[in-house]
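Each of the two complexes below includes subunit A, the first together with subunit B, the second together with subunit C.
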Partner chain A sequence: MDFFRLLLAGVREQRMLFGLMAGFALFPAYTAYADLPFWNDVAMRIMLLGMAAMGLNLILGYGGMVSFGHAAFVGIGAYCAGISQFYGLYNGWAHLALSLGVCGILGLVIGFLALRTSGIYFIMITLAFAQMLFFLFVSLEQYGGDDGMSIDRAEFVLFDLYDPLRLYYLIWSTLLIISVVLLFLVRSRFGVVLQATKNNESRVEALGLSPLGFKVTGYVISAMICGVAGTLFASWQEYVSPDIMHWSRSGELMIIIILGGLATLAGPLLGAVVFLLLEEFLPELLYLIAPDYAENWMIIFGPIMIFVVLFARGGLIGWISRFGAQRIYRQGDGR
Partner chain B sequence: MDIPFWGAKNLSTGRRPVTSPVLNLANINKSYAALQAARDISLSVERGQIHALIGPNGAGKTTLINQIYGSETPDSGSVFLNGENITGLSVPKRVRKGIGRSFQISNVLTDFAVIENAIIAEQARRDEAFRFFRPAFSDQDLIAGAMIVLERVGLQARADDLVSDLAHGECRLLELALALSGTPSLLLLDEPMAGAGPEETMYMTRVIESMRENVGILLIEHDMDAVFRLADVITVLVEGQIIASGEPDEIRANRNVLAAYLGDEG
Partner chain C sequence: MTLTLLLEQIFNGLQSGVMLFLIAAGLTLILGVMNFVFLAHGAQVMIGAYAAASLTGITGNFYFGALAAIPITFLSGYVLEYLLIRHLYQRDHMDQVLATFGLILFFNEMIRIGFGPAALFSNLPPSLSGFVYILPDTPYPVYRLVVIGAGLVCAVGIHYLVNRTKVGAMVRAGANNEAMAAALGVNIGLLRRFIFAAGACFAGIAGVMLGPLTAVEPGMGEPLLILSLVVIIIGGLGSVRGAFIAAVIVGVVDTLGRVVLPLILRSFMEQSAADGAGPALASMMVYLLMTIVLVVKPTGLFPAKG
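Up next is the complex of A and B:
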């Protein structure tokens, strides 16, 4: 089977990615054994944030486009579920299809406009679009405005999501599909050109390829992945509000990617694991030392982040594998 | 190292007779504020011909090449490639119509391996870049094509090395290979010998000579030995103006040129 041969070709990165996925697959068995159902919830949140970060990493890490507004697509995905339910459409597949469509079109428009600029201007224009969408949803009183709207878990015809494990494995399989898609995408002809535009745009032009087309396509795919994450996030949270698309959420996604490793497949997922575990444990830790400051866990997280950026180039993945994280995908090429 | 013979197969399929110029510039003007970088420049390059563009620094040589390449547009005048007016086209479109270019400062994909540079060039040539499934860098078909690209300049032994590990001269060769990869009809070489040692310059001269057969080459170069060895026609540009154009012997004897440029070289 060509598909599986190509899937398994390569060493380090895929092993890490599939290892993490295997861990998530078995995790509910552990929580059931240890009677810690709360941790299933945390794991789901990790997978959802990891999914969104993987989507953003396609353009941030592989494409070198620093989009500071990708939480907007997560939010749009969530509102696709919320607003559908508002009008009585509870089918989860329909929500996902809608989310892919809306985020695709919106990604195309925003990407096409924003990618005419680069560098700091690109960062600012993506942030501006995200803020626009944020305030749009804040002002939509009909859909809860600032307060957001409570929703039900979507119906996925064949299975009922009120069994928490079904939602867990729905998220898990979606994440697996997205991982495999990205795994092929970044090594494909399209993927290597996308990475080439990050390295040297004028060389890509000199080869007769228009960088804008590749970057916009990458931007659209990345927006769609974030949209899917958002739609599932809505079902997980049973609640949608503009807070999910606040600019600080975009920053969180970037932190997760940088923490885990830019331009790596497993990086964003590993980053999400570490980020959310720190978010879970640092306040408790801080509470032991200085109870009054427990909620300011970022005081400790900040220095950790600085340490990672300064000393673990290529993030945790790069640190673990001690290889240039950017080049890992090449090692399995069998040349 | 052997200089490979560069693919003659495309010659017979050329749409136009061999004698028509590959490149034709008609009355190109370009100025930046007070500086006139091109004044009414007209020149042509034939297939199989090496046309050298020389002149002191700031004469407008690179600006002229940029206008042919498409990264800058002339204020007035037209650029014809194989008889087609390409003045309004973007860089990628011009490249696909048959322009290959090397830059004054090496312009290659530095984060990638040598072969990976060539593979990306090869998939661009085949117009296969918008494919999303099969891994590109392990595609045997692309690798075979990329090796041919590298063999043209004799870099096949360094295929698996990272570009950042290449010596300066090898980097220039890689850039030349990439410029050739699209089987262009016109090659724009902006100081290919810059920064190269004497041996590298000799080798580069032979490589350029080996590929002249099927393309028109417009060459900017400061190494006068190389220029007089390679060029069929030399055009001298001073302050955006052509002050002389002709065969090497004519140029060598031209008083204006001696005064303006060659005199400096002793």
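Up next is the complex of A and C:
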């Protein structure tokens, strides 16, 4: 079986990613043992943000396209669930299919138009599309407008979400599938060409390939992954509002990726873990030092981001692998 | 819709356009000359607004507060460039987005700690709080006219600075080809710091003038930042003239859209729904405009790089 041989090789190479996935698989057992059901919620949020960041990383990290509007696709995915429920369609699989379709078509249109530009202009045009969609949903009063709409958890035929653990494992298995898909994708011919366009677009063209086609395809796939994350996010939050597609959410996705490590498979997930743990623990840490300022934890978080940019190039993954390389080097030296 | 209302809204649009220009003028040079994605420019607006509001509160004199705030914003831009920004020029856009996003969080939180989360409101001195009649039966606030006037004076000043002075010639040379400008003996490092500080100063002036018109609160700069990014993209990166034209267009479209669109929507919607949807759709129009410009002319209306 060629597929399984490749999969096994991939798992061995991406120990960090599949190690994290194994950790997430076992995590509910720990929270049940320690009686911390709240942390299941945090873990679900980590996985959902990690999923969206993985989708964005396909074009941001591997394709070198700095999209500053990917939260829009997360939001569209969430509204696919919300609006379907508004019209009485509660089937979660239908929501996911709808989300894949809508985000795919939207990604195709936006990607095709936006990829006519590059550099700063590309950053800004993706932001503009995201802002358009944001204000569109703010203006749609029948779907809650600014205030958003409360929804129920979707009904998945084989996965009744009545039990929160089922939602947990639904999110987990979706993340696993997406990880495996991305694992194969970045090593396929498509993935190699996409990474080549990041390095030098004219050389790719000189080899007789059309970079635009590859870039648009990458954009569409990443939009669809973000859409899936959004649809599941709606079920997790049981609430949809335009806030999910605010431009600062797109910024957060980028932070997560750069924090974890650009153009790595495990990076976005690791980044999401650290990002959300900081969000949970910084206020408590600050409370110990200066109780009056516990809610102002961002005063520490902002500089952390700046320090990551300045000193931890390659993100946490880069840092870890440098550390590992150093250790191996020292061992070799001592022999 | 009456002529009076239309005229009033065009003036309001002009006023918001002039404000946007003051913010965008520095930003377009930062993006155009230095190829640097600076998201914390909105924080400079906030710093200017807070400096003016608190100095006015301490001294009791609006004019003193407004004038004293301007050097403070210049200094904040200068120090920021020296401490952080100059280390980021060689990085790629993503690193710049991330680091300046971190700056936004930091500045907003600093202000929240220093001044509290609630909005500050500053009162206008009596000499600025009256109305004048721009048409026989159309009263218009004096202060907004003063803002338009001051903004236009700044615009002329920036135009003179960029097009008629030696520093301006260096700035334009840098926008066109930085390596060549450096080879001809322009001190690029110093030029960059000057542009940064001047840009922060203009953004600060916008903040000072906006203070009495809007709520002065943490995070007030971000919506303005996003709009001025739209302005500089429509106008063309690095082009001060383009920024001015685009700022007026965006200001008028945004302001008029907020008034006209609900009226149009009312003809086929319920009034409450139309009033709710109108402003959001007006905001959307600005981005639609930018997208159309970019699709038709991918480098904006008046690109500076030849």
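Definition applied: the second predicted complex is superposed on the first by the 317 of 335 C-alpha atoms of A that agree within 3 Å, B and C clash if a C-alpha of one lies under 4 Å from a C-alpha of the other, contacts with A are read in each partner's own complex, and residues count from 1 in each chain.
Keep this in mind: contacts are C-beta pairs under 8 Å (C-beta built on N, C-alpha and C of every residue); 3 or more make two chains touch, one makes a residue touch a chain.
Computed from a predicted structure; not experimentally measured.
*Asks:* Let's test your reading of the overlay: on subunit A, do subunit B and subunit C clash or fit side by side?
*Replies:* fit
*Asks:* Taking the C-alpha centre of subunit A as the vertex, compute the angle to the C-alpha centres of subunit B and subunit C, in steps of 10 degrees.
*Replies:* Result: 80 degrees, to the nearest ten.
*Asks:* Looking at A:Val192 after the superposition, I want to know if it touches subunit B, subunit C, both of them or none. Which is it: first, second, both, neither?
*Replies:* In the superposition, A:Val192 touches subunit B alone.
*Asks:* Check whether subunit B or subunit C contacts more residues of subunit A in the superposed model.
*Replies:* After superposing on chain A, more of subunit A is contacted by C.
*Asks:* Examine A:Phe281 and indicate which partner it touches, taking first as subunit B and second as subunit C; both and neither are also allowed.
*Replies:* neither
*Asks:* Now for A:Asn200: first (subunit B), second (subunit C), both, or neither, which partner does it touch?
*Replies:* The answer is first: A:Asn200 touches subunit B but not subunit C.
*Asks:* Let me test your reading of the model: by the given contact rule, A:Gly208 touches which partner, first (subunit B), second (subunit C), both or neither?
*Replies:* Only subunit B is touched by A:Gly208; subunit C is not.
*Asks:* For A:Met132, decide between first (touching subunit B), second (touching subunit C), both and neither.
*Replies:* Touch partner of A:Met132: subunit C, not subunit B.
*Asks:* So in the superposed three-chain picture, is A:Tyr30 touching just subunit B, just subunit C, both, or none of them (first/second/both/neither)?
*Replies:* A:Tyr30: touches no partner chain.
*Asks:* If you stack the two complexes on chain A, which partner ends up touching A:Trp93: first (subunit B), second (subunit C), both, or neither?
*Replies:* neither
*Asks:* So if I take every C-alpha atom in subunit B and every one in subunit C after superposing, what is the smallest distance between them in Å?
*Replies:* Minimum C-alpha separation, subunit B to subunit C: 12 Å.
*Asks:* Just to be sure I follow: which residues of subunit A are touched by subunit B in one complex and then by subunit C in the other one?
*Replies:* none
*Asks:* Enumerate the contact residues on subunit C facing subunit A in the complex.
*Replies:* 31, 35, 37, 39, 84, 87-88, 91, 93-95, 97-99, 101-110, 112-113, 222, 226, 229-230, 233, 237, 272-273, 276-281, 283-284, 287-288, 290-291, 294-295, 298-300
*Asks:* Using the touch definition from the top, list the residues of subunit A that touch subunit C in their complex.
*Replies:* Against subunit C, the touching part of subunit A is residues 60, 66, 68, 113, 116-117, 119-121, 123-125, 127-129, 131-132, 135-136, 138-142, 145, 247-248, 251, 254-255, 258, 262, 293, 296, 298-299, 301-306, 308-310.
*Asks:* Of all residues in subunit B, which touch subunit A in the complex?
*Replies:* 71, 90-93, 95-96, 100-101, 103, 107-113, 115-116, 119-121, 123-125, 128-138, 143, 160, 178-179, 181-182
*Asks:* For a test of understanding, state which residues of subunit A touch subunit B in their complex under the given definition.
*Replies:* Touch residues, subunit A against subunit B: 6, 9, 184-185, 187-193, 195-196, 199-200, 202-210, 213-214, 217, 326-327, 330, 333-335.
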